[in-house]
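As structure tokens, here come the structures.
The same chain A turns up in both complexes below, where it pairs with chain B and then with chain C.
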Partner chain A sequence: MPKMNLRLSSALPLSLLTPAASAATPVNTSGVAISFFLLFVCTTLGITWWAARRTVTTRDFYAAGGNITGLQNGLAIAGDFMSAASFLGVSGLIFGFGFDGLIYAVGGLAGWPMVLFLLSERLKNLGKYTFADAVSLRLAATPIRCLAASGSLVAVVLYLIGQMVGAGKLIEVLFGLNYSIAVGAVGALMIVYVCFGGMIATTWVQIIKAVLLLSGATLVTFLVLQRFGFSFEALFRAAISEHPRQDAIMAPGALVHDPLSVISLATATMFGTAGLPHILMRFFTVPNAREARRSVFFASAFIGYFYLLTFIIGFGAIALVAGKPDFLDAAGKLIGGDNMAAIHLARAAGGELLLGFMSAVCFATILAVVSGLTLSGASAISHDLYANVFRPGASEQEVVKVSRIATIVLGLVSVSLALLFESQNVAYMVLLAFAVGASVNFPLLFLAMYWSRLTTTGALTGGVAGLLTAVGFIVLGPTVWVEVLGHAAPIVPYKYPALFAMAVSFTGSIVVSLLDRSPRAARERAAFRDQYIRSQTGLGSEGATPH
Partner chain B sequence: MEELYRRIDADPEFHALSRRRSRLSWALTAVVAFSFYSWIFVIAFKPAWFAQALGPETVLTVGVAAGIGVIVLAVTLTGVYIWQANQYFDAQNRKIVAHAQNEPQT
Partner chain C sequence: MQHLYRLIHANPRFHELERKRSRLSWTLASIVLANTAWYIIATAFFPKNAETTGLLADIARFWGQPVNEGGATTWGIYIGLVQIVVFIGLVIFYINKANGELDALKDAVIADALRAAGEQK
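Let's look at the complex of A and B:
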């Protein structure tokens, strides 16, 4: 059943919201949601004002002064991950298909332990503000920073467009707001948060939203379980009797028609996480490796808990929303599409007040996630490219100024692109962002930290080859070649490039490094020892001693 | 710094700690990756296994239970790592660094 595959593919992160949400019947025009949302905006603008006065140096702007605790950072990381797509998209998939939605929940979580075990402490010990700092330590700084910054910017911009288009559609459905106004409002608020408040404001916006989303989802789950006398059995039985697919919703469904795609998708969700720059950047906001480690522990616990709630909410929506005429349009479909399942459930379980609250929380979620993305894009431009490649001697004030300009430019670019792509299916952009994370950023970071024989030439070859493979697969594959360009059959039959692009990237880096006999390569290999000791002990780490 | 790195490199305790830490990291990574990919491979190749109910009394299937199991396992193992790291690694690391810093100039 290729139809199922199509829906799941676009779910990867937010652009899932695009296709179904396009029918603009507002779910909710009540004043409650607007009031909650205005309260959120006022609070976060207050925080931004407070943060702006504390944002003076580059260390403040990129890393919140290194003063975030493990628990706070764990919440912020979880917040980056719990986008509107994870919440509405995954609960909507479970509402529509049952079991298959769980693949995203489990895949989304499974990458975190690996980030903790292999990356977090070393990354914190080696880097300063961005992951490019860590990989350029012993390799040639200029080309490696250009590669890392390109990998970051490509992933950030594509992901940002996907989020913005999804956000515009979602807000259209939730509040009945015009698409362009919604996108403009999201863009303006995001520019204000990042430009003035830097990482301090971005982190606190993310923390507040994470707490709101976790509490809201907990409340909905509690009210749902209460309806069923806190019996999961009763909930599942009710869901099975309401759903047209009956007990098939408890078992894997149609995604299985191509096992290789399932595995490549699983690889993208697992390794893409470890290569998304806005998440990697958060490891530099804590004071030391110990706090970096604790952040990932808290983040995985929150994300795991969140997905368990999402799972129950999805089944709760089948049991309490499906088949109730209140929530259906004339054609018998869910108003606003399957992605609205969690929102309708909030109303079914907790009335208008909870509906308003959850709608506002979803809006807040979008704002917080796009702000984090914009900040990491701005730091790739200002810290990696401007301060380290084009103007190595630039002063602190100058770099902070460039960061702010980069934020505004990125904000305007993403708003314009979101307007341009309004009626397009942008699923491929989000797929590509994850594939670039998994096939450019992750191999570069992993090999630079773990493999002493990696050389600059090897890293560049592998990175560029991985990037080209990912782009090539997406352009020639079903998502662009068939769905966007309208050809009959794809040249490359696979929708998810991560597995292939990652293999190309690793192979390219390893083979070329092994063949590299230049004097530079010899120096780079010799420098591994010091880098290794620093990564293990934290000695010489930039964050450890504030300056 | 160069001198400190040289001393640490010469310290057998540093290499013992690194080995222990990386053994634990890789072992835990292997467990998480193995359980996640096993779950994915069953979905990809043998979905019928996951469609069975856990027992005659329940509608809960093996697949749902296993999926939730993977989530719980992943979170638990991050806890195990943190516990080990807080318990042993940090103290060892501090000792090694202090030792290298206090060693008389040679």
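Let's look at the complex of A and C:
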């Protein structure tokens, strides 16, 4: 069996963050992509202008007034999830490894039913704008909000840097635009959307992009399948004959080897997603628990469909792009790296027009995802920290103003960091963002809602221990210790910290809570009953209609 | 509100609601976890050479086997596609239950509490 010599610096679908992705030759300099992109920018700026006039209160800014329907929210959640990284990254992984790319699809999709069965309703019934609202109901509000806000901010900032650096590289390759200009443009547009349009604009930008991405990917898939007479067997056969690994691409086992790493990776994709603040926040934009459920249905259906398309696109790229001199550089590698597989396929299947369209859609995707992230970071600062910890009783206008300032600051910080990390491999930041989601935010939320004996001291200990473990594993593991710092061997042999950090976080919270005999702990346990009834019935929820 | 919570807590129908909901949630969640476990097994234990034996290796090997002798499409592809459908099916099943039976029970529990609170006044 011919061995494929491919090294991925990260197997999370963010391998496009590697510096290798920046090739000197742009894939596409045609005016088509730029025209499509300008059309998108004009439309979304129009929406932002419309949304800005409807964004007056904090409820408008953080939760779009609670007026988003299940279908709209489902599309927006799917949009948050379908980042350029997961579209280009997963199709690129399938292009490189075949079948194994599916593990991201299944891990990522499996997170959604779990969110629905265990989190979404209770979260909607307990919270107001952020998940910190739900966890600080019966625990000591100040320290718990600080912990939840730190967990959110760390995850958001790391994920933002990852997305921004990836975006700059991607736009450099797609449009031939200078890296700093690309990053600056993304930052400026994102600040405008969030600052003026709040959650209303952020949601609509996400919905439009989700529809564009799904339509574009559907068209590419249709054209690919048409080439093969709509026969999967014929498509797979062509892929096998083109790929250096031949029929091994139809079987699992190439990407990650040891069982613990596979489990840890699956943990990160499942529970990390459930702990990312920009996704949790979306459950507060719908009016009630019923619409929250409907949003998860639509989100799962769209994400499932999206992965189906990505899967076919990945194999289509092997069959139609690999081995075609048009798409390869002098060294025989794909121009722009494996992550460009889907983009090249768009050109192979639909010519310059489709290439331009898909490039513009990828740019739009990045914009929409970073906007959602920035908004959730800004709410952690303005709602959790400013309005609830530092200045309780601040007026609505004041809080909205602080949110806008926080948006601008976060935007500037992420642009500067993206410029600073330009030539760095930042894949570890994204790994860390997911690990923090899975090991700080998710355990905190889960235990606060399900376990009556959780106390503030326990939650703090577990959260901090989980965060430290995640950071420690990343720094001492293969991604930073070896690839970034240049040591010979990693101190911790595992690349994916989520499983370990999550276990530490849960254990810490549980053990310390059980040992906690303070009077405050007793009060907090006694308060569980009322919180539990509210979580089950929605009685007393924020913004709920009285019966 | 505290008073309503106390009334609800005393209502046996509320405990029926929580029992039913938690049985439904946890059953479905375990099905999802079990389905993901198959993936982990197939990916992590796929044998590196033909001599490897054992149950997990055999399961993983099955995924890489063509469905038709000499064909290209493997069982793993079908299992993957079926899984996407299964997950969405579970979501639909849960939503039907939650919107129908569980929401009706929830509304009844709230109505009971409001009625009892009215009588006590």
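Definition applied: the second predicted complex is superposed on the first by the 526 of 547 C-alpha atoms of A that agree within 3 Å, B and C clash if a C-alpha of one lies under 4 Å from a C-alpha of the other, contacts with A are read in each partner's own complex, and residues count from 1 in each chain.
Note that contacts are C-beta pairs under 8 Å (C-beta built on N, C-alpha and C of every residue); 3 or more make two chains touch, one makes a residue touch a chain.
The structure presented is a predicted model; accordingly, all values stated were derived computationally and were not measured.
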{"item": "Partners on chain A (chain B, chain C) - clash or fit", "value": "clash"}
{"item": "Which of chain B and chain C A:Ile240 touches, first, second, both or neither", "value": "both"}
{"item": "Partner chain(s) touched by A:Asp329 [first = chain B, second = chain C, both, neither]", "value": "neither"}
{"item": "First (chain B), second (chain C), both or neither touched by A:Thr537", "value": "both"}
{"item": "Contacts of A:Leu308 with chain B and chain C, given as first, second, both or neither", "value": "both"}
{"item": "Touching both chain C and chain B, counted on chain A across the two superposed complexes", "value": "99, 102-103, 105-107, 109-110, 112-114, 116-118, 232-233, 236-237, 240, 247-248, 250-253, 255-256, 259, 262-263, 266, 270, 290, 293-294, 296-297, 300-301, 304, 307-308, 311, 529-530, 533-534, 536-540"}
{"item": "Residues on chain C engaged by chain A in the complex (per definition of touch)", "value": "1-2, 4-5, 8-9, 14, 17-18, 21, 24-26, 28-29, 32-33, 35-36, 39-40, 42-48, 60, 63-64, 66, 71-74, 76-77, 80-81, 83-85, 87-88, 90-92, 94-95, 98-99, 103, 106, 109-111, 113-114"}
{"item": "List of chain A residues in touch with chain B within their complex", "value": "99, 102-103, 105-107, 109-110, 112-114, 116-118, 232-233, 236-237, 240, 247-248, 250-253, 255-256, 259, 262-263, 266, 270, 290, 293-294, 296-297, 300-301, 304, 307-308, 311, 529-530, 533-534, 536-540"}
{"item": "In the complex with chain C, residue positions of chain A that touch it", "value": "99-100, 102-103, 105-107, 109-110, 112-114, 116-118, 121, 232-233, 236-237, 239-240, 247-248, 250-253, 255-259, 261-263, 266, 270, 290, 293-294, 296-297, 300-301, 304, 307-308, 311, 529-530, 533-534, 536-540, 547"}
{"item": "Footprint of chain A on chain B - complex, ascending", "value": "1-2, 4-5, 8-9, 14, 17-18, 21, 24-26, 28-29, 32-33, 36-37, 39-45, 47, 50-51, 53, 58-61, 63-64, 67-68, 70-72, 74-75, 77-79, 81-82, 85-86, 90, 93, 96-97"}
